[in-house]
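Read from first to last, the chains carry the letters A, B, C, D, E and F; within each, the first residue is number 1.
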Amino acid sequence: MVTKTPFDTVVAELALVEKYRSLAHLSRNNTPMPSVETLSEIVEMLRQVLFPGYYGESDLTQDNLKYYIGAKLDRAYHLLAEEIKRGQCFSCTITNEAECRHCETTSKEKAAKFIVRLPEVRRLLATDVEAAYEGDPAATSHGETIYCYPSIYAMTNFRIAHELQVLEVPLIPRIITEIAHSKTGIDLHPGAQIGEKFFMDHGTGIVVGGTSIIGKGVKLYQGVTLGAKSFPLDEHGNPIKGVPRHPIVEDNVVIYAGATVLGRITIGHDAMIGGNTWVTQDVAPGAKVLNPK
Amino acid sequence: MVTKTPFDTVVAELALVEKYRSLAHLSRNNTPMPSVETLSEIVEMLRQVLFPGYYGESDLTQDNLKYYIGAKLDRAYHLLAEEIKRGQCFSCTITNEAECRHCETTSKEKAAKFIVRLPEVRRLLATDVEAAYEGDPAATSHGETIYCYPSIYAMTNFRIAHELQVLEVPLIPRIITEIAHSKTGIDLHPGAQIGEKFFMDHGTGIVVGGTSIIGKGVKLYQGVTLGAKSFPLDEHGNPIKGVPRHPIVEDNVVIYAGATVLGRITIGHDAMIGGNTWVTQDVAPGAKVLNPK
Amino acid sequence: MVTKTPFDTVVAELALVEKYRSLAHLSRNNTPMPSVETLSEIVEMLRQVLFPGYYGESDLTQDNLKYYIGAKLDRAYHLLAEEIKRGQCFSCTITNEAECRHCETTSKEKAAKFIVRLPEVRRLLATDVEAAYEGDPAATSHGETIYCYPSIYAMTNFRIAHELQVLEVPLIPRIITEIAHSKTGIDLHPGAQIGEKFFMDHGTGIVVGGTSIIGKGVKLYQGVTLGAKSFPLDEHGNPIKGVPRHPIVEDNVVIYAGATVLGRITIGHDAMIGGNTWVTQDVAPGAKVLNPK
Amino acid sequence: MVTKTPFDTVVAELALVEKYRSLAHLSRNNTPMPSVETLSEIVEMLRQVLFPGYYGESDLTQDNLKYYIGAKLDRAYHLLAEEIKRGQCFSCTITNEAECRHCETTSKEKAAKFIVRLPEVRRLLATDVEAAYEGDPAATSHGETIYCYPSIYAMTNFRIAHELQVLEVPLIPRIITEIAHSKTGIDLHPGAQIGEKFFMDHGTGIVVGGTSIIGKGVKLYQGVTLGAKSFPLDEHGNPIKGVPRHPIVEDNVVIYAGATVLGRITIGHDAMIGGNTWVTQDVAPGAKVLNPK
Amino acid sequence: MVTKTPFDTVVAELALVEKYRSLAHLSRNNTPMPSVETLSEIVEMLRQVLFPGYYGESDLTQDNLKYYIGAKLDRAYHLLAEEIKRGQCFSCTITNEAECRHCETTSKEKAAKFIVRLPEVRRLLATDVEAAYEGDPAATSHGETIYCYPSIYAMTNFRIAHELQVLEVPLIPRIITEIAHSKTGIDLHPGAQIGEKFFMDHGTGIVVGGTSIIGKGVKLYQGVTLGAKSFPLDEHGNPIKGVPRHPIVEDNVVIYAGATVLGRITIGHDAMIGGNTWVTQDVAPGAKVLNPK
Amino acid sequence: MVTKTPFDTVVAELALVEKYRSLAHLSRNNTPMPSVETLSEIVEMLRQVLFPGYYGESDLTQDNLKYYIGAKLDRAYHLLAEEIKRGQCFSCTITNEAECRHCETTSKEKAAKFIVRLPEVRRLLATDVEAAYEGDPAATSHGETIYCYPSIYAMTNFRIAHELQVLEVPLIPRIITEIAHSKTGIDLHPGAQIGEKFFMDHGTGIVVGGTSIIGKGVKLYQGVTLGAKSFPLDEHGNPIKGVPRHPIVEDNVVIYAGATVLGRITIGHDAMIGGNTWVTQDVAPGAKVLNPK
């Protein structure tokens, strides 16, 4: 007879997944989890397409560019369709496998729609690059901001993720912004709406909540939070999901380091919010909010 | 005769390790430094064991799970025993090699004790997942928090590291929490005691000092510090190490973004600390501390 | 006749680089962009040279050290010369290829000058290690700070980058400090001047602007900003680049978590700046600045 | 108007796949080609299962072995099922996608049947190891033959591939034997039937054709060919596929270096075929065939 | 004073490169050695272009193919130009650096000329695939020969290398055929001229010398040598390089396993050379050469 | 109750290592198997030391060479000592762990003795390079033979392995020659004694047995075997290991492709053995052995 070792006992206990059901993910229809690695690869391919020559091959010319862009977009499209499918499967509750095949189709459709949006993503990022160059006296060229600035890195991931969010792709947008969060310390929820010419100086610690609406030409410094003040609860005391609860920040607002702006309030255009401030009420256009000291 | 080049001169100067003795680590008994890479690998294996299906293989079933968990735990055990030995050797001052062999044994014992603690680590993490799901209106499922949230990532590293700290393993716990610090911007000292259902929203910039004691159901926002106010000095003016100097935070406390809580003070249960506040004195249970403005 | 697919249309549009000229980098003289990967490799080699035994080979002895240091420095020299050349090319506006060859020479000269500075870099880092050990009651040995502390990691990158900045190498210093920014959340501009025995506890969110001047024995906590208050504009309303606009922090100043210090002000020696404060005016030597509350 | 470059012309010509239709493989139902890399990985996992401790983890004990074997077999099973499906798809001519789903099922069934055969594969390989040890005076232990001998490497791949061939899996068996062919220079067709205790000394250049039948205890030296003499042609002059056309080699035959044995002839048990000979007719049991010289 | 260790003595002796000058390669103008790794990568890219869908991406369609082919050819062109330059530099004796720049230009020209030859290379390989399918009764499809057969692998490398040889590129062609030699055991000198529909069954041990001329439809079995008989010597007794010294093999010749054919002899069309034969004189068209036995 | 699946049954059966004891290697004292990967790395480091500039860094000068050689030799020494220890442990039958520690010491001693032999290894390889250049009319430079010729690759591995064999290191020498066997198809037993200026043209299929003695200036072509004729058996019918059983080949002998030379015979100096011959008796100095035809 075999005696169980203490090690075997631990293994047996941990293998009892029903004990902590929420911690285990047993696969549906053999669909794997979305791959963070593949999503990183997709985003890097898109970065190469959006900023050719800065990322990827260095000997690009007007002649060969179309081939590289075509090959990378096609690859990104295929990989993305697969990841969208996985994301949908992860969030799905259908148990009928036949119905399931539908996802194969919708994931490809969404990936195709996403690809079509890329020229617009590029147009917006061009304004963000402009904003970075103009907004930082230390920037020596547009190229330097593209290649070195956390703001441009994070906004590229964000603008890609936001397009997927608009297409109602589950999970994937969040993973893409978390990749940037981990690298830059900037936490932009993919649901936020962010206008042209957005710049975040230094960036570490910035948080922008999922129902924020940000106008054009807004500038945030490190450690700024656009957060929720409180959550409306439903009759069972659970937070109601999806309610607008983050600030509206109008055009040309500047918010300095460490300021905390909470709730569905409006910061009027051209306002200035000082550093380390705590703002929970509307701010008039052009106003300056400073620390009491 | 060979003339020395300026390059040779620099090499010779840098090779004189006695000049800056503290900067060089000449090996004892051929024991290498702990490997950050291997420790990352161990933690990833444990993450796969604790959250099966979310991390690692995707086609898990109740049938095959025991094999994967067994193989990973066994591997983690062997690798961890080696890393513990390295950590002990790094921190050791014994010069008698024979005595040294003792470490070979104690490191295996500690690794084995650690493995036995994993079901409890899993139990605690299940409560952290619950807290994340309940605490963030943007969370759409428990699974999303496991897969995407910096809080769960950092807490997994922390709870692993804390068990090793309790077993008095030197250096290794710190490396494990620094891996999470680097990735998430959350700096949890492995010595801290953290109760069930702990959640950190966004997380970037959170600091929890090594003698902190945190109750159940506590929630911290980004940029919160649980720090030391001052260090008691010994008769030579050096800080006395190991003295309790960080806050006690009781059950169900919420601390908002950017608050700084310093010293061995007690934040009473159910208290709420506002954002960007500076707290250096006890707070009564249920109290609200707000910015003066 | 071939009909263009929607996909082809997107490719064609994105391949029109003249549309968003600033987003594309078409190579000059086939010189590639600086490689972030190679620069990381160079910095790791230097870390191995500066902290032998902590990083790199573990079985170092006084006898074999010279070979490893020599081989790594030689490799670092060659790789760095190439990266400096790329950085110069990136920032260059000369269109005459013959003049271009000049860069081949200057980049080697700068790389050689940099190598000669390494013993001084090591001397400074030894004081930073001392500061970390003395400044954190949780530090158990000098070695632990070298191996685990974000402060030492970031300062190593910074002190390397600063030497290159002094040699007027474009772009490269910034990439090197951004590598540390991404890993530690500490954003030190390579142009800053930082004296001996500098320590940053926890570090996440620290920002030190490019014209800051920091004395000896200064200590910063997480989330501290040494920033600019406003930018003098030129006659066209553009920020004038290169003007001193960040603080002067004298010897032995301590600045606590989340403090924001802005503008070309002077914080006198031995002053203490409290957490979450907002400082925009000179502070006298030995003074304490606290939050109004 | 855009002028086509010579480069564009080459691209356009090569992209016309209909021109050389047989050289391009346009995917059916998005099923990729079998992956040589994954098949190598599967075979390595099986090698670890069949020769535990020689390959894979080194700290195996009777206690932990079951976990490793279980985890590797489960992984091998899943990966193999996918590769079998790809192999079937590659060789398939069905164009109705619905019928196609059938393959999903049969590939899993075949992979499962294969797993069940592994104990028998192990039993056979144990006899091959015995043969290698006995047959080479230079072998110092059984372990050395497992770890170093091309014969054991090639036979492991062969015996795995042969089981798949028996299960009528297309393409995959051939890829597995070609992996060994490339590494050892030994070309064993997976269709051959090879008995117990088979040993190939040195091995380079050995060829065993797909309809060969080899008894027990046979030994071949380097450069031996068991080949076909001629191919029966069908009425169109094409070789008829699948006809027995390679030798039958009975028990305990030894064939020395460089011998060429061709056609469906029988080499009787205990015969000895000398080096560099050319044999196209039956050889009596116990006979010796020598070079005329 | 520092005493030299025995280790230091060995290092010093090995570092004296003048002692064995031919064993060390000190770089000219900083041009590195050709990279076997990069050349492998180039050949793999070309294999993907020549056999799309078999190698590289699996979801190719007539629509996206042009992008992949364009991107890979452009990449291959750039990498190859660099490798050609290195090969020229390796073989060059010019010491005037200015003259040296010439190579930069010629290497690009040769790479461009090579690209233009690829459609012809594809045409020839299509005939080789046909030959493999027809020539091996075990082949079940054209695709199987492309994906699995050493003959096609080796011929792809050979036909690429041969084009570069014709362009008088030094060293690189040899490296490319040696890559195939190492993988398949087939040693085809890039200088050989090989006609359409060439097939090598099994392949291991085949040698085709550099001045061989092979017609259409020739088939070789494993172990066949087309070699030189003797080398004409110059007045100093050194072999005269470049003299035709290998066989001419006319159309539709078949040479069986292990045959050795030596010297500038002619094997007439439709001849058959038996296995293990030794042939050093002309063979008439249609003749059969058999082993004396 | 848990029902065992068929899969579980296979796992249980395969995990019963006592059933096929010789196929499993349960570790002694936690010493792992020698690592083929590490041994490959060691050999590559030595190749870089022996042929500087051809392998490894490309920008070597007389000044920096000593550092690279020193660093690589030191690394090779440490890695090799570990591998020797593993090899000894693999082949060892001592069960007393205390005695075991002895191996730690002897493995270092043997590694150190090996390092001291490297200048002699280099001297011999220089003569092999000379032989390759002189012996192949297709060779255009000494450098080409170093960089491209299987003969030099295989001889480097052989001469390294042979030195270890002389030092009575078990297993490791065989692994090193098998690495070359796999890559080149040349199987040289590390026990063979091979004089200066040895050249193997093409090489595939060459076999040199472990008790062969080869003089100076010998040249072998592809497919040549220097093998054993028969094995003397002991009283139990087992081959007696270690008896001289392979040929003695004196100076300046040439053996052409496919010749098989068997037994402890002597091929006199300056003899020539024709291709595809079978030689089992002494050959007089200067004689020519040809195929009967």
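Quick notes on this structure:
Everything that follows uses one rule, which is that a residue touches a chain if its C-beta (ideal position, glycine included) is under 8 Å from a C-beta of that chain, and two chains touch if they have at least 3 such contacts.
Since this is a predicted model, take the numbers as computed values, not measurements.
Interface equivalence for A-E, evaluated over D-E, D-F or B-D, points to B-D, where over half of the contact pairs coincide by residue number.
Between chain C and chain F the centroid-to-centroid distance comes to 50 Å (mean Cα coordinates, whole Å).
Rounded to whole angstrom, the centroid-to-centroid distance between chain A and chain F, based on C-alpha atoms, equals 56 Å.
Centre to centre, using the average C-alpha position, chain A and chain C are separated by 27 Å. For the pair chain B and chain F, the distance between C-alpha centroids works out to 49 Å.
Residue numbers of chain A whose C-beta contacts span two or more other chains: 7-8, 11, 59, 64, 66-67, 69-70, 73-74, 185, 204-205, 223, 258, 276, 291-292. Across the assembly, chains come into contact as A-B, A-C, A-D, A-E, B-C, B-D, B-F, C-E, C-F, D-E, D-F, E-F. Residues 49-54, 58-62, 65-66, 69-70, 73-74, 77, 112, 115-116, 118-119, 122-123, 125-126, 129-130, 134, 137-138, 140-144, 146-148, 150, 183-185, 202, 204-205, 221-223, 256-258, 274-276, 291-293 of chain F are the ones touching chain E in the complex. Contact residues on chain F toward chain B in their complex (touch as defined above): 5, 7-8, 11, 63-64, 67. By the touch rule above, chain E contacts chain A in their complex via residues 57, 59, 64, 66-75, 78.
By the touch rule above, chain C contacts chain A in their complex via residues 6-8, 10-15, 17, 20, 22-27, 30-34, 90-91, 170-171, 174-175, 178, 181-182, 185, 187, 189, 191, 204-205, 207, 209-210, 223, 225, 227-228, 231, 238-243, 245, 258, 260, 262, 276-278, 291-292.
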